[in-house]
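What follows is subunit A paired twice: with subunit B in the first complex and subunit C in the second.
Entry: the complex of A and B
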């Protein structure tokens, strides 16, 4: 008997396998499901941790709202009205019960539904984060490519100087400097305020340029340095680069088509990890530029010990971080067929 | 507060660079003082006013006077929307401060000080057309007094103490003489009368977002603790007022961003500038009008006489003798402020520059006392803000010169409250008093026995303060408060210091009482009279 060797066909490409089976057997789908299942304990952990940390901060919403001159009776009455007289565990499970059914509760301070507050403020922060992300990443890639093309060259030195400067300055210092130059001295851009998108694209963008630059510029510097370093390593040390060059491939083509593809794995990882810093940066930047976003809301809620609003903001931020990491994993799969077809 | 600290630190770093910033739309002539000759008020225009997010720029509970728990810091918004029964006015230089009727036409205090009657102006309507009458006032007062609010007045109200006499007259009856009633109005939520009809129709939740009053402006849009947009009230009872067509309050994250936004021409006014280097810079660069308000509440180093080391009068005297507030004023604050020896300040009532027997700075005596005590270790706390932390750092240096071992710490408001209520604090830098020592957060708050925020337990002092707050005759009150200040000094209860008040900044061409003229601050900020604010067109 002779056995005929059947070529191994990935399940996802085998025509004999039904689309549903193909889908369930897909390594990418398994990855997504696995990550989403992992997100549940992560999100629970984040909410428990937030609740616990908030309980450690002195005072509560009632004390904070009524101020130092409030009588203990006034404070007790307001605590009762706000439900703050219940044990912490009971309050947490009350909140959780509502949250899993989509009811994030009402602000302890304004009594507005949290979902209403979030829907008004989320677009502002989302736009800020998106623009900062664009500023940082879209600029970092070409600059790093230019710098890595000729290490030690003029572009490399300039980019390293700028990125060192950018990494040395905190985003809130940069924010004030940007306002000083572009709003106060030159008068080109507004110093504060938010114009909704429906009032005009340019008016909206004008107001977001400085805040997004303040958050995005330090990240741009970080990404540029990281990518440039990795590209230079690839170009100087990897054998595939030598092979490509031996075949007569031009240096730009080697850099962009080969080295950059490999370096992008590291960049994607860094971008994913830095998303938290990007979102965290909105808290102070929104204060400085008077932007009515989630960061501003979070700070106000912490100051007034409005734990319902704080919880909601933290859940949003945590959710974004979880989704971002999932996207990073998916991008790995897109870039690396070994992951896509499950051979790794 | 943490963020506020960061921004305060940033201020110093950004200052040198800020000095290079020019431009903006300051245009025209600008002054570093309270302005030069001012022409006739002009109608029209819009004004954007910045408010510090950590104080006046925070209105998280909405703007319904009865339920706004931060109402004490939102006086600007309240005046613009509700107008007020009474307003605190003063001459342009801040002198001759007095409470005047606004929506109230007149008032009358009984001879014994136990009843107070208000006559309202005829014909005033809320912007929804509801008449502002005695019934509306009664409904507002009862609602305000039933709710918890930092700005709720501490009236010693008798049972059924609020009575409507006729459609335009309402009276209050107290259980004891209460002459400070008039002074208590501008700082409390009972001054702001809201439309009962609108409240009923809209419901509390909607009303606090878009409250309806009879003030100079009506609410167009309100994003809590972010932006409040107002427009001229066409039904305003004062003919020709307000001058402005639109007024916007914008919350902003501290003095430095606010200063830069003003320089950039994005706003035309900022209330409550505290950061001294920025104040000096604003005065020096001449781009905007700087109005330092007359102080009403001096800083005081409260000493906890209930526990060691300050249950020993020698330790308290050592602190007095080691403290030189004049040097702090000159060294850190450019000599911009007066130094008080009691709980009153130049902008407030019953102020005396000197208190008889006040223990002056005497380093040798301080050293002697510390030696006699066998050493002195002190923990000095305060609230986290720029001025307070600067003063504490300076005090630490001065006290160390006298051989006192000092640790300093600053906390957020909640942390300060916790320290006070815990009772284990030793020394705490706070502010004391008010425009009228018996109104608002009065002097008893810091010095009465049994109050958690007081470090003193002295029945004689309690009696003096109680007598002063219930005496109708102003001269007698003055004498009683002076005796109280002397008693505090003689017993070394708490050295007083800098009488600090925040400044208002305004772009050139903006004018208005309280904004570019001086009016003593009510709680922290001055009560700007927004209907009379105008811009050169």
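Entry: the complex of A and C
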């Protein structure tokens, strides 16, 4: 503030705005930057934990590579080549040094650069997660609306039955059932394997239907039940619903135009929180359906004690969780006019 | 707002002739008072509402009767749980389907309780509109107020989107919302309580109602705002020729504005009379007790309020006879029999065996305890 000759006019400045927000003009940008900065300690914590847990498991990559017949001399030699003879702390910081400069290192087992492995496997998992996510959500909304329109009605009972079933069956059991019915008995869809997108969309999708259904169906059940419950609460307890009805708005329009909008905040929270479970579910499902994704890679890497690859997978999962939560918070602001970031 | 279209409602500065302005657009051309003179707009007879909750039957309304003349204001007074809100929601068909409703409600000659949901829907917000207690919860928090009014306008007129929006702004001006054009694009949380209640009234007026039910419409507001909203309601009632049912627990408010008063207790009407008649000569001990609980300036400082002992009865287990009997100082064994709700004095209905001033009980007309 430079002194001026003009009469002192109080600077019209919102006292609630902190100096930081004056630097970054947009409050949304500020939120994004803040969250991404917060991701740093999260990543450090997650990788340290993973590293530590892996070191507790007996055996290391050298032993796994050479097999049970190997002599201690051979193992010691390979350990030296792989750098496994160094203390754990040193190895962690070696890895960290590479990771922050963008070098995720090479797989201890295949000697392939981790970045190459990831670029091959990430699209598979991403497609699986995306399909499961979109299908579960897109189906859950209309089913929940149908159920909530008449609580206790036929649609409500049917959806309740289906969703209770879906919630009580583990996704790997469901996966095996799906394979049994649609691949073995009916022969409509392949039981295992992955066809790249380059070989045709339908060929690719055919292989993805069963795995994404196995992951998506329990989620669909969960979303349906949650949204149905929240909608019924809104319809029965909220005064704005009564106002809408008193205006002469029809029951469907009250449900869709008024209640659903207000229920969507809860749904978004649930969806965001579940994204972790969704990605975690890929580990088993990719194994069952032999899909070459991140989950399968993670499992193999744990078996071979390939800590470099495990770390990469863990970093990716944690990053997705952080970004998902950020997106959820940004969506609140878009949907709920009462939330405006930056005004506190 | 300089639309060429004739304003459906006059703007603030329009001259008001004979206290009544007839809406000119929106497809409906009708005089402010549709029913012929002397014929009531609304007749409620022996209205009963019963809920079943956890196997227990809750008798929320137990035989309520009253009449409402076109363009007049009726106050329904009672404490929480007296059935005043439930009875008016029953008229609007706003109760959950589990509610058992009986009796008869005739609005402009039509029996409302016999209407289908579709017919009821066109009536709601059209001929009968409602304003609720808590303006903070009664507006949809995720919709701009303009959209919420426009929605109501479009449901009850043939106006296109643009016309309905223009009309919504007119309505906001009619309810004296400052800076109506700007507020149109704001959300409920950006408005004060009084402004929100004005928006609620604007929504209620969108269908040019002949009956407006104000359910504790000023209870959640501070006293100054309360008076402003009441003045607005009375002014609109006169300008638009609407009948108003004012539901309140505030006897003083009723005395200041309403032409007729119904006092409810435990789901029953216990006293019903024109305001002047009622306050000149309160007969029902319950009404008398309510009056005794109102603070007044001429009261002796530090004097105790008259407190009615006991609590309102459990609606699932009403006492035998008069529901007020357990709390009434005039009660005798005769009160174990339900007193009929009859017109004891001209225009003055009440249900009591030993009314105030009859000399049979402790309460006398001037409130002294013998």
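By our rule, the second predicted complex is superposed on the first by the 316 of 344 C-alpha atoms of A that agree within 3 Å, B and C clash if a C-alpha of one lies under 4 Å from a C-alpha of the other, contacts with A are read in each partner's own complex, and residues count from 1 in each chain.
We take it that contacts are C-beta pairs under 8 Å (C-beta built on N, C-alpha and C of every residue); 3 or more make two chains touch, one makes a residue touch a chain.
Computed from a prediction, not measured in an experiment: that's the story for all the values here.
Participant: In the superposition on subunit A, see if there is space for subunit B and subunit C together, and answer fit or clash.
Facilitator: In the arrangement built by aligning on subunit A, the partners subunit C and subunit B fit side by side.
Participant: Of subunit B and subunit C, which one touches more residues of subunit A?
Facilitator: With both complexes superposed on chain A, more residues of subunit A are touched by B.
Participant: Of the two partner chains, subunit B (first) and subunit C (second), which one does A:247 touch, if any: first, second, both, or neither?
Facilitator: The answer is second: A:247 touches subunit C but not subunit B.
Participant: Return first, second, both or neither, reflecting whether A:53 touches subunit B, subunit C, both chains, or no partner chain.
Facilitator: neither
Participant: Figure out whether A:112 sits in contact with subunit B (first) or subunit C (second), or with both, or with neither.
Facilitator: first
Participant: Scan A:158 for contacts with subunit B and subunit C and give back first, second, both or neither.
Facilitator: In the superposition, A:158 contacts neither subunit B nor subunit C.
Participant: Looking at A:184, would you say it contacts subunit B, subunit C, both, or neither? Reply first, second, both or neither.
Facilitator: first
Participant: First (subunit B), second (subunit C), both or neither: which does A:134 touch?
Facilitator: Touch partners of A:134: none, neither subunit B nor subunit C.
Participant: After superposing the two complexes, find the smallest distance in angstrom between C-alpha atoms of subunit B and C-alpha atoms of subunit C.
Facilitator: 42
Participant: Inside the complex, what are the residues of subunit A that reach subunit B?
Facilitator: 57-59, 63-70, 74-75, 77-78, 107, 109-112, 120, 172-173, 176-177, 179-180, 183-187, 190-193, 283-284, 287-290, 292, 296, 299-300, 303-306
Participant: Mind pulling up the subunit A residues that touch subunit C in the complex?
Facilitator: Going by the criterion above, the answer is residues 236, 238-240, 242-251, 257-258, 261-262, 335-338.
Participant: Which residues of subunit B touch subunit A once you look at their complex with the stated criterion?
Facilitator: Against subunit A, subunit B makes touches at 1, 3, 6-7, 10, 13-14, 17-18, 20-24, 50, 53-54, 58, 60-62, 69-70, 72, 148-150, 205, 208-209, 223-227, 250-254, 256-257, 260-261, 263-267, 411-418, 420, 441, 445, 453.
Participant: Tell me, which parts of subunit C touch subunit A in their complex?
Facilitator: Touching subunit A from subunit C are residues 92, 94, 96, 117, 121-126, 129-130, 132-134, 137-144, 151-152, 155-156, 187, 189, 200, 203-204, 206-207.
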